[in-house]
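For reference, the structure I am asking about is given below.
The letters A, B, C and D name the chains in turn, as written, and every chain counts its residues from 1.
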Amino acid sequence: MPVLNGKELRIVGFLCNWCSYGGADTAGVARAGQPTDLRIIRVPCSGRIDPLFIVKALLNGADGVLVSGCHPRDCHYSAGNYYARRRLEVLKQFLPVLGIDDRRFEYTWVSASEGQRWQHVVTTFTDRIHKLGPAPRLEDAEPLLKIADMALTSLRPLGTGQNAALDDLKAAIKAKLPELDCVIGWQQGYDAAHTVPLFMRTPEDVDKLVWGPFNVNNPATYLPSFKGKKVGIVVKGCDSRSVVELLQENLIKREDVTIFAMPCQGTLDMARVNQELGRYSAIDSVSYDEAGVTIVADGKEHRFCMNDYAQGKCYGCTTPSAVLADTRLGTPEAVQPGAYTPPELAMLDAMTLEERLSFWKGQMERCLRCYACRNACPMCVCRDYCIAESREPQWMTQEATAKEKLFFQTIHAMHLAGRCTGCGECQRACPVGIPILALRQQIARAVAQLFDGYKPGLDPEAVPPLLGYELEEKNIHEREWK
Amino acid sequence: MRIGVFICHCGSNIAGTVDCAKVAELARAFPDVAYATDLMYSCAEPGQAAIEAAIHEHKLDGVVVASCTPRMHEPTFRRTVERAGLNRYMFEMANIREHVSWIGKDKEANTNKAAELVQIAVEKLRRDKPLSAKSFDINKRVLIIGGGVAGIQAALDCADGGVPVVLVEREATIGGKMAKLDKTFPTVDCSACILGPKMVDVAQHPNITLYAYSEVEDISGYVGNFTVKIRKRPTYVDWSKCTGCGACTEKCPSKKTPDAFNEFTGPTTAINIAFPQAIPKKAVINPEHCRQLVKGKCGVCAKVCPTGAINYEMQEEIVTEEVGCIVAATGYDLMDWTVYEEYGGGKYPDVITSLQYERLLSASGPTEGHILRPSDGKEPRNVVFIQCVGSRDRSIGRPYCSGFCCMYTAKQAVLTKDHIPDSQSYVFYMDVRAPGKMYDEFTRRAIEEYGTEYIRGRVSKIYPDGNGHLVVRGADTLMGEQVEILADLVVLAVGVEASKGSPQLAEKLRISYDSYGFFMESHVKLKPVETNTAGVFLAGVCQGVKDIPASVAQGSAAAAKVLALFARDKLENDPQIAAVDVKRCVACGKCIRCCPFGAIKEVEFRGEVKAQVIETVCQGCGVCTSTCPQGAIQLAHATDNQILAEVNALCQC
Amino acid sequence: MNNAIDISRMRDPSFTAEVEAQSGQKVSTCYQCGNCTAGCPASFVYDRQVNQIMRGVQLGLKDQVLNSRSLWMCLSCSTCSLRCPNDIDVAAVMETLRHMARKEGRVTVPKVEKFWFSFLDTVRRFGRTYEIGTMALYMLRSMRVFTDVDLAPTALAKQKLGFKPHVTPNGGAEAVGRILKRYEERAKREGVRP
Amino acid sequence: MNFAYYPGCSAAGSSADYEMSTRAVCRALKIGLQEIPDWNCCGSTPAHAVDTELSAALCVRNLDLAARMDAATVVTPCPSCLSNLKHAGKRMENPDFRARVNELLDNPAAETLPEVTSVMQGIASCRSAADIAANVCKPLKGLKIAAYYGCLMSRPAGLMQFGDPENPTLMESLLAACGAEMVDFPLKTECCGASFGIPERPMTAINSGRILEVASNMGVDAIAVACPLCQMNLDLRQKQASKAVNVFFNMPVLYYTQLMGLAFGFDPRELGLHKLCVSADPLLQKLDGLRREEALAEAKAKAAEGGNA
């Protein structure tokens, strides 16, 4: 039904059955007058509220969303609101990157006896939404296409890794191979300037292994499909974090995985490399030096300096060496962690909310809905049961609108909250080059800020922050209702 | 689906500001709505009859009632539709009274809002499925945690009702705080004399298994079938051999062991029986002060023990018990009053707690019932009692009233006069709270017959004058003056807090607790004994401050709850719980990690690991549903699709 | 004749609100335990005890509160604030009340204010205080010539009291003079007692 | 270690001895005190009793001067000055208040004003008990002393940051490092009657009398203080206090810096001990006697040892 024009805005409330729904009842019993805009959806517990319900509402035309649960410690289910608090706070910090004003979403705690407080909360929130006015719609946004500035300085010197101990690595793999069903690595692809995954089962396979800046794929993506098998994996530092995260989440077993690691000096941003190479019929030669790669294609020489052509993630990489490994080769590189904002995120940070909405409108109109991003993601373990395509539950329609496509990206990002290691496979796999990694990076930034610098995939024993809680959250504070 | 919608006028309560007929008319256009009408009072007999008739007449298979809050009449209408042959869960409510008609005056807006609330109820109902409860067996044994007077009462009542009881007590003897008291108000009965027989009953009752000096280590399971691990701390005395003769305590050379039972008012021996009426009357060695255990040489108690019960090698032991429900009766502790630096912060020996004073008054205490002040062992003349030390004090985070201090202070003032006739007692108070039977009369007696001087005001400072007295400087707000008393002894009515370790126990029991550690009852007025975890009940101060009669009453009440539960042969669960779609489950275990109730376990399903909900344990919170990325675990009646349908009904641009 | 305070008529909730706003304290949290009075070093010279002042503020009895001598005898030692079980900064409330009383020209204990003015006068003139100057001005103002004469011999013998004013050397005195002048002008402009 | 230094007005008058001994002790401990040039009176109690903005303006002028010295921290010996300066600094964080105060000043105050702390905390912040003990050449061993802080030093607790506001122990630790036996003085933070000695003498006399009475009942040799006003009330007004509580006192009341200075071996005159109204001579004699006995005993022991050898 349409919103009452001129009178109301669309405000959706999610209230837990035990405290806040009761608090709203108490306000009613006390005839505590409130604005009429709010529509309350009753849920058993604030912990039941998937943040995606809120995104769904906001993308579909809600002007404001209010969530209310039991006060911390008072949860009817003892801990539901603690989980909610973390998830909703992450959501609140995520919304602006989509171009949604985070003031349009608020969560709070109201007990069943706090009728007055409820009245105050509703009145204040409704007032706030009316001041903000009707929410800008993605449908109405003018597409805006913008490209991130890739002139970056890295936290460490990048290179081509040509001094890496590849022969030692091959020997180590061969020695282990009899105990393993398979070892995952890289081999040359259709030409010397591209690689594809290599699944080594025989010593001859091992000889095909290559190491260098073209090893862009994250081999960890294949790990969960080897469930129950003994499998080896060759990793760069970033890949190792995916392995650790999979271990953290119980998706692979430590005893089934053998990790071979060499320090990485950076990998190439193939999108930009391919763009520079343009159309060509044959690669004549690929030669390496310390600082970069020279490719001669159809007689024309192209020079790719690692400092100019590395993947965005490499510039801020603090884990060139694997965080977990069974066999380490080569000399580990030390990196001083420093301030680093990924280029696409920096671009979005510099935009206004409207610009961001327009930006995503433009990008999502280009999305083919091919799900390559999902298929490349090492943490996307649902695979055939992704909720993007299911009817039970049915989160999305198959309509090819920018809104549905952005909602899918949001689902992916929220499902990766506290899990995404920033390996960038989603963006790398995107055939049309949409900078979707920025959404995951914003979530990672929020998670790090809220949970004391937590980074996924560093410690196999660590509990991912959204699967845990603290009674008193150090960095999450209730906002005052003024 | 054929849905019937009933819009209730609730007299003028709803119809006053909502056009109910209009709402019914709008509802007819909603998908699957086969019938919609408005009713004067839907919850009344005729209203319910009309709903039943409409179900039959229009062959409805689902019903929406738009009326008051579901927290009021949802059960009523569920029964109504069930009488008409529908599954009780094929019913939804729209709250158009508390959330609409009572809070807004604009009839147009209210009517529109009511219609939308009906619409989302319809959308939800369209995705409802009939649910039915499952039944399961009950293990008719009860665990009672805490052997104070509340726990004792609960244990005896359950045991008398034929229920086997497992009673776990942290200390070496049951009896709790009441066992430390000299007399009880308002009758000035001897505490040990009235509690003693009950303690003996516990020891002798064939239905009670007592684990003293033990703690609950772990609890798993659910109502009807809990598994409890109990940690028995080493006593270094084989209780099966110990006769409680006391020969060891007489000969023990470590005579300066702190005496916790006597609230550290005097020393005791390293091997010790708390007090003469202790149950079990068995000796325990304090390992921190026993010469044999600390230095490896002594062994006197082993030599003198006539039954050879001493065992210096004893280790702690974990025992497992299976029970059907649990009563928590863990009582209280005094707060750490030494935060009051203005009262000396614990530096002055003659500033003591009320519980220490009880031990000085008690014939079984360190002074054998003579009031002798700790500093010099002299009888005090001027005794000052200060109320609300650590109660009603926000500045130290203790804003609540400890409830019974007013009464025991009056009692202690009376007893002081009894013990030392030429003494004078002064009580600094803010309010005298004496609402019990014969309570106010008792405080009046303390004033009128025993000459206790009640001074209305707090005490700002206590300091030694350097001549063996304590200067107590306070206010008499009734006089509007600052006053000073030269006291020989100061007794602080120290506020109570939940006993040490309460939050940890609450986590094990999966029950809520407040910021002071008191356990949360299910409903503050109407379910004061239940918790939100089925099969866990509360008794005594662990739930909130209360005095002995209230603790005993709640102990009996908890027992009644246990007996009522066990009167049934089978239990039924609430079917609004989560279920796993095994196809979608990838066994990542995120739901298991997040479930607040431990209600999800891993199972083998056709050679693969999958999550499975333990139907009797699941409480229906839905945290798992919002945790599972692939949507493989869905909470019945609050599925993703249902909530999405509600969102979509409201937000569809 | 009935001399009772007609609370219904005399209550002035705006006074309570004003005190709360200026002091930043919530006086309704006071439950009249009397701990402020109990610890107050000036209690015995008060006409109304601190807790009674707080009660007066709660009730909004402006005249009873602002005319009290106690406001002027408060030592600002903050013992009341320290011991308040409800974390009220009682001393801040007392100071607020004193400011309010002064601004309305209600100076119930003139000698105290005279002492303050004597003190501030020396500051105005020299940038710093000197005891003899303050004393002399105060004796003049209060007409109490014999204040502390008993101490004079000892004090003088021990050179406790400087006879010479200590002037801030580099124009500080003038700067201070300007501060006080601006303050007085502003007070006049705003219609309050400087 | 260097601090900007705000002596306070009494330094030149009634508490010249505090000033002398503070400078002596800091000199010995190699703590530089750079006096704020052209500082002015903080306004003391009268200014804030009259108006907070006036009081703040007087204080802020000094803090501003210190800021221009690039001082990070200002120390002052006087708790009353300390309290005023700290309050002013804190209140200036409020932009409205800052604007009102700036109206009264010649120039708007610096955006960042320096921290203010007591000389006592300044010493403790950069010198350990061992550093202090290393300077002691005449230990106070055998002297029983009550530390008296008064009310302003530790209150309000949040602002003053002086440990437990009911039971500060900093002075005890400094003097204990000098060898003194510190009693646990229960009235250490009670008010002495402050500046009401002039307009309302009985109030000051009774409060001071109570403090003196408990201290003398505890058998102390002296009271150590850190506040010029407290010192004046307990020392200069000791007779008035005596009369008020009807007990005779002969209690030396020394600044803690004077006691530290004695331990560091300074001449009593250098520390201004001659300015005390209740003479500290018996105290000095006792201390000398104790040290002499000790030296004799030591010499004897040495002689005996030498004989054995």
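The rule is short, and it goes like this: a residue touches a chain if its C-beta (ideal position, glycine included) is under 8 Å from a C-beta of that chain, and two chains touch if they have at least 3 such contacts.
Predicted model only: the values in this text are computed from it and were never measured.
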Relative to chain D, chain with the most remote C-alpha centre: A
Separation of chain C from chain D, taking each centre as the mean of its C-alpha atoms, in whole Å: 25
Gap in Å, rounded to a whole number, between the CA centres of chain B and chain A: 43
Length of the line joining the C-alpha centres of chain A and chain D, rounded to whole Å: 60
Approximate Å spacing (C-alpha centroids) for the pair chain A, chain C: 62
Where chain C touches two or more other chains, by residue: 44, 79
Multi-chain contact residues (two or more partners), chain A: none
Multi-chain contact sites of chain D, meaning residues that touch two or more partners: 166, 190
Chains grouped in pairs wherever the two touch, ordered by label: A-B, B-C, B-D, C-D
Residues on chain C engaged by chain D in the complex (per definition of touch): 41-42, 44-45, 73, 75-79, 81-82, 89, 91, 95, 98-99, 102, 109, 111-112, 114-117, 119-120, 123, 127-131, 135, 138, 142, 147-148, 150-151, 154-155, 158-162, 166, 168-173, 175-176, 178-180, 182-183, 186-187, 194
Contact footprint of chain A on chain B as seen in their complex: 26, 69-71, 95, 97-100, 102-106, 108-110, 112-113, 115-117, 119-120, 510-515, 520, 532-533, 576, 581, 583-584, 586-590, 593-594, 596-597, 619-623, 625-627, 629-632, 634-635, 638-641, 643-644, 646-648, 650-653
Chain B-facing residues of chain D, complex: 164, 166-167, 184, 186-187, 190, 213-214, 216-219
Residues on chain D engaged by chain C in the complex (per definition of touch): 9-10, 12-14, 16, 37-41, 43-54, 57-58, 61, 103-106, 151-152, 155-157, 165-166, 190-203, 206-207, 232, 236-237, 239-240, 274-277
Residues of chain B touching chain C in the complex: 342, 388, 392-396, 430, 456-461, 473-477, 480-483
